[in-house]
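Chain naming follows the written order as A, B, C and D, and within any one chain the residues start at number 1.
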Amino acid sequence: MIRFECDYSEGAHPKIIRILTETNFKQTAGYGDDEYCEKARSLIKEACGAPQADVHFLVGGTQANRTVISSILRPHQGVLSAFTGHINIHETGAIESSGHKVLTLPCPDGKITAEQVENAYQEHWSDETHEHMVQPGMVYISNPTENGTIYTKSELTSLSEVCKKRGLPLYMDGARLGYGLVADTNDLTLEDIARLCDVFYIGGTKAGALFGEAVVIANPALQKDFRYFIKQNGGMLAKGRMLGLQFLALMEDGLYLDISRHAVGQAMKLKRALSDKGYRFLYESYTNQQFPVMPDAHLDALSQKYAYSFWEKIDDAHSAARFCTSWATREEDVEKLISDISAL
Amino acid sequence: MIRFECDYSEGAHPKIIRILTETNFKQTAGYGDDEYCEKARSLIKEACGAPQADVHFLVGGTQANRTVISSILRPHQGVLSAFTGHINIHETGAIESSGHKVLTLPCPDGKITAEQVENAYQEHWSDETHEHMVQPGMVYISNPTENGTIYTKSELTSLSEVCKKRGLPLYMDGARLGYGLVADTNDLTLEDIARLCDVFYIGGTKAGALFGEAVVIANPALQKDFRYFIKQNGGMLAKGRMLGLQFLALMEDGLYLDISRHAVGQAMKLKRALSDKGYRFLYESYTNQQFPVMPDAHLDALSQKYAYSFWEKIDDAHSAARFCTSWATREEDVEKLISDISAL
Amino acid sequence: MIRFECDYSEGAHPKIIRILTETNFKQTAGYGDDEYCEKARSLIKEACGAPQADVHFLVGGTQANRTVISSILRPHQGVLSAFTGHINIHETGAIESSGHKVLTLPCPDGKITAEQVENAYQEHWSDETHEHMVQPGMVYISNPTENGTIYTKSELTSLSEVCKKRGLPLYMDGARLGYGLVADTNDLTLEDIARLCDVFYIGGTKAGALFGEAVVIANPALQKDFRYFIKQNGGMLAKGRMLGLQFLALMEDGLYLDISRHAVGQAMKLKRALSDKGYRFLYESYTNQQFPVMPDAHLDALSQKYAYSFWEKIDDAHSAARFCTSWATREEDVEKLISDISAL
Amino acid sequence: MIRFECDYSEGAHPKIIRILTETNFKQTAGYGDDEYCEKARSLIKEACGAPQADVHFLVGGTQANRTVISSILRPHQGVLSAFTGHINIHETGAIESSGHKVLTLPCPDGKITAEQVENAYQEHWSDETHEHMVQPGMVYISNPTENGTIYTKSELTSLSEVCKKRGLPLYMDGARLGYGLVADTNDLTLEDIARLCDVFYIGGTKAGALFGEAVVIANPALQKDFRYFIKQNGGMLAKGRMLGLQFLALMEDGLYLDISRHAVGQAMKLKRALSDKGYRFLYESYTNQQFPVMPDAHLDALSQKYAYSFWEKIDDAHSAARFCTSWATREEDVEKLISDISAL
């Protein structure tokens, strides 16, 4: 079985294994208060052109989302999100569990617009009985989205402007951020993101780390007491250095983007092959996730040798599937898959 | 600086690093649904003599406590705990954050008694207005406690009996369980614990793993839907196999107890040296944490070369400190410390 | 200004004022543990043909919904509800605040179907990663709905069957239950409701009481410890007898239904007048709320003398409004309104 | 049975019944947005000398405490309170249910001191690992306390100063505020309280109203969006005018203090009789609650004719009991009780 069903099927990039091994017997303080974390934080702030930012390392994405969102909202506020947002669908209600409603906006492809945010704001505040409703308190976006799509600089700028105007902190879930940054269609840099978002995270789990997400709180007004939130939400790793070490490896010498480029390169090869075969795509993705709509018979045939994610039923004879590549995807496996697809 | 201030100053036992390295490129399913986790779960159930148990791997202790406790209690119930219990003092209110009061019982050394539990139960239910008060819903103990003390089989049996009688699930926080199991004064086995407790966890983070705690739900009535709770509480590791791999290493060939024996052996050497020097101890610990009461001048002198934890002020000239050993404690470092103490 | 914008513009039915006055100096125990409450509970159980039921008096609807729902769900579960359900829209996230997601189902007129519930159940459990999603744990309906529509016996029976089959307690929000029970199109009795629902409440606030909702827990499995939930949610009235006294007045001599008949009778007169005028209705309501779609100019004209609720914009020149009647609606005021409408 | 076990055994002061009756058919807007509430708010602000204050009417004390506290704290913060504070003991964990730990301070008689608050603050912030502990975020006091004791102006001033210095909002639970304001030993005015506390409430339920507490948010920084919190916590009464009407009656012509004076006068008569009999008191109370320590045989004898609250067992033959007076306590009943006590 060759696995394309997600981007976390293997361990970690060898450089990460190496740095963990090399430093294994070094004694350090716990809870992220060590030199490796300190150095990794510096590298990230530098890469983001954000010396004023606070950087915190958390273990996983659901934890990061829950921790960030609960640190920002007051109890009567909710978070605006695409209906398809990870926080709305795939986190077992972690946001609600911390007391907040996810205020969903419809979207065809995982992205929401500045206009939708402005309308939601207007709709709330123009209602006479607004205190009977959850108040929009911040905006959550994912980039790339759960559908593989990405925001343009223009779109993110518009979102950022309406958020600033309406006092709604803008938070970007970057679980797969690297795969977005290297996409052909991308025109955003880490500096742009740090300037346009109040908080975002650079995903490690899905981009070469054993685990770990680097939360960047770019807006100083939102930095206060954040470590309490990490601890309360169960995210304060005793051996916190492991998070620092992994991000040290990822941020040095451009490894994070190299990894992402490899994955997206393989995904684009696959995309062309799927397209050549005549399949359409559910979403226009130029990142490491591809969503072809295929005959069920073809999907069944592939499932003998390949793991992919079933996405949704399209009609009686077709379904959409998700194929993912990652830092660890082997060129030869992609070639095999392409060849088997052509032969269908 | 030689560190004795905690038991998580280094990385992981070399066997763990090795197994992570060796399996790094193997592809597996995510979220703990892989063969390594499956095998580790089997080994743990076997070691506990508890084939009916469910075993889940979580990342850290606060997360494990919060996840287990919130899975057991109904909203109007609280958890009985020693005042010094980790959940009451050192988890930034994670239990309260999930809606539950920690109902504290006084204790001189971290341990609570069956009688205290029975009294708390009686006190609640004999009050006419009991519905105006939080209902005791379960019992939390740590073993070893935060003070290094351990429960005897007789004590745990009594606790278990009153808990069963009163319908209060008994949960043991085993963050340092290994160090308790190998103590000279211990008469409990994993089988005993699995039989006497409803839920407990075998701590990895403080006993040789990079991170990870193995939650054993021995009582089938408490097993339902537990994976939802893990996910909601941010503890569902995408690359869950890393938890399985680490516990596989720990549970094979008795490594977990070997590690613990090493640590406790070093602690006992230190204990004798401290005792020979004439210091008294704040708590009678035969595990890897020692709490000598020392002249402040002595502590200051040691702090030039050694890291320890300040515990509490005793009087104008004395304080209690905590010294920890671990799997990674080097015999030569303990010898140095002992020699420097003798010379004070 | 004559008010038709809601059904709580006045105080209480005179019988309620009278009973409160007459018993004012009587001493009783607090918190609902008095003879008036006891008698009212008996009358309600009798009216529902449900001797096994528990009846509790709460102050308001949001409180009742939050208290009931949080007493039923485990933390990883959510409540299925029409998108337009009061808990989803107009309770400032009270349900989420207690940790639970509202799992919404689309609906044209406030009602959901057994098929929708079955599909939602299937969709959840057939997903391989269902533990990453909120588990449906119960079903919430309102009857009459927020749109004035009501469930038929056949519809409620189907809902009840699927709920029983799938282990999802069925809860009916009866804020305006009386107005439904007396509707021409209604074929449900209190006995039916007590048999088909696990929990429901008989609304007092909007049907002649100063305040108060009678929660009927028909399913014994859901009765345990409910008074704790009332207290924790701030709903345990010290002078609880006031709730008992009001429901005593309402349940004696059929006052509750008499009140409702008066209100619905006035609403039907208004409905005919609106219909005669040629307005269409947003929802087909035979209860005390009417939702005509009217020219904005007409609405503006009426607003000089009458209060109504703006409901939603229909097009550039039309809007839907809500007109409510109640126990206190004066026939002469309805006549005036009808006459003014005819003259538009 | 003559009831002295609490101060909410009867309905409401006749003036309140009268105003409710007189205004019963008047139509008003809902949710406290009516002229009666507006007028009552004005009277309260005037009485407090606090034109900048916001006044909100809530139904009960637990609800008020939960709503106020959850509006002030961030999730990682707790509320400092006397161990005996109502929020810690008698609200079924309502505060924890909203996510916050009650950080208890020991106290002999229900009162805490400025020094205790300062020490708790210091203890938290001087700990290196303070983010592992709940951060003190505000201070809760009750006045009179649950033990009938009251704060002097000097004590409250000291508390206020340390709270301001440390950024901890000071909140006073005034469930029985009137009974404190008229005590012989009191030197605090409403103006003092509004100046020294950030938030407090004037209790109605226990002082002559059917129900209701007037929350005064004196500190403008804490006023934002408070109505959302009321609604979310189930405290937004549809017929909100009833709260306004009751406080209108209480605040006009000094009724609130008159009621309180009557109750405290009766309590002082009883206090003298108990003292004359040779009983000691558990707490030195000059308010409407008295806590004599009496032979169990005497208590048993009285229980044939009188209801009182059992407070706590003192020794094998003695217990403390609580006797309360209220606006409705009849002089003749107190005389009877005194006479029966003398005869014991």
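Worth pointing out:
Just so we're on the same page, a residue touches a chain if its C-beta (ideal position, glycine included) is under 8 Å from a C-beta of that chain, and two chains touch if they have at least 3 such contacts.
Bear in mind the structure is a predicted one, so any value in this text is a computation, not a measurement.
Distances between chain centres, each the mean of the C-alpha atoms, put D farthest from chain A.
Contact count check for A-B and A-C (C-beta pairs in contact): higher for A-B. Taking the mean of the C-alpha atoms as each chain's centre, chain B and chain C sit 50 Å apart. We define each chain's centre as the mean of its Cα atoms; on that basis chain A and chain C are separated by 42 Å. In terms of their C-alpha centroids, the spacing between chain A and chain B amounts to 33 Å. Contact of a single residue of chain C with at least two other chains is seen at positions 75-76, 91-93, 97-99, 129, 131-132, 228, 231-232, 236.
Listed in rising order, the residues of chain D touching chain C in the complex are 1-3, 6, 8-12, 14, 17, 20-21, 23-30, 59-63, 66-67, 91-94, 97-98, 205-206, 210-211, 228, 231-239, 241-242, 307, 328.
Of all residues in chain A, those touching chain C in their complex are 75-76, 78, 89-93, 96-102, 129, 131-134. The residues of chain A lying in touch with chain D in their complex are 31, 70-71, 74-76, 98-99, 129, 131-132, 135, 225, 227-232, 236.
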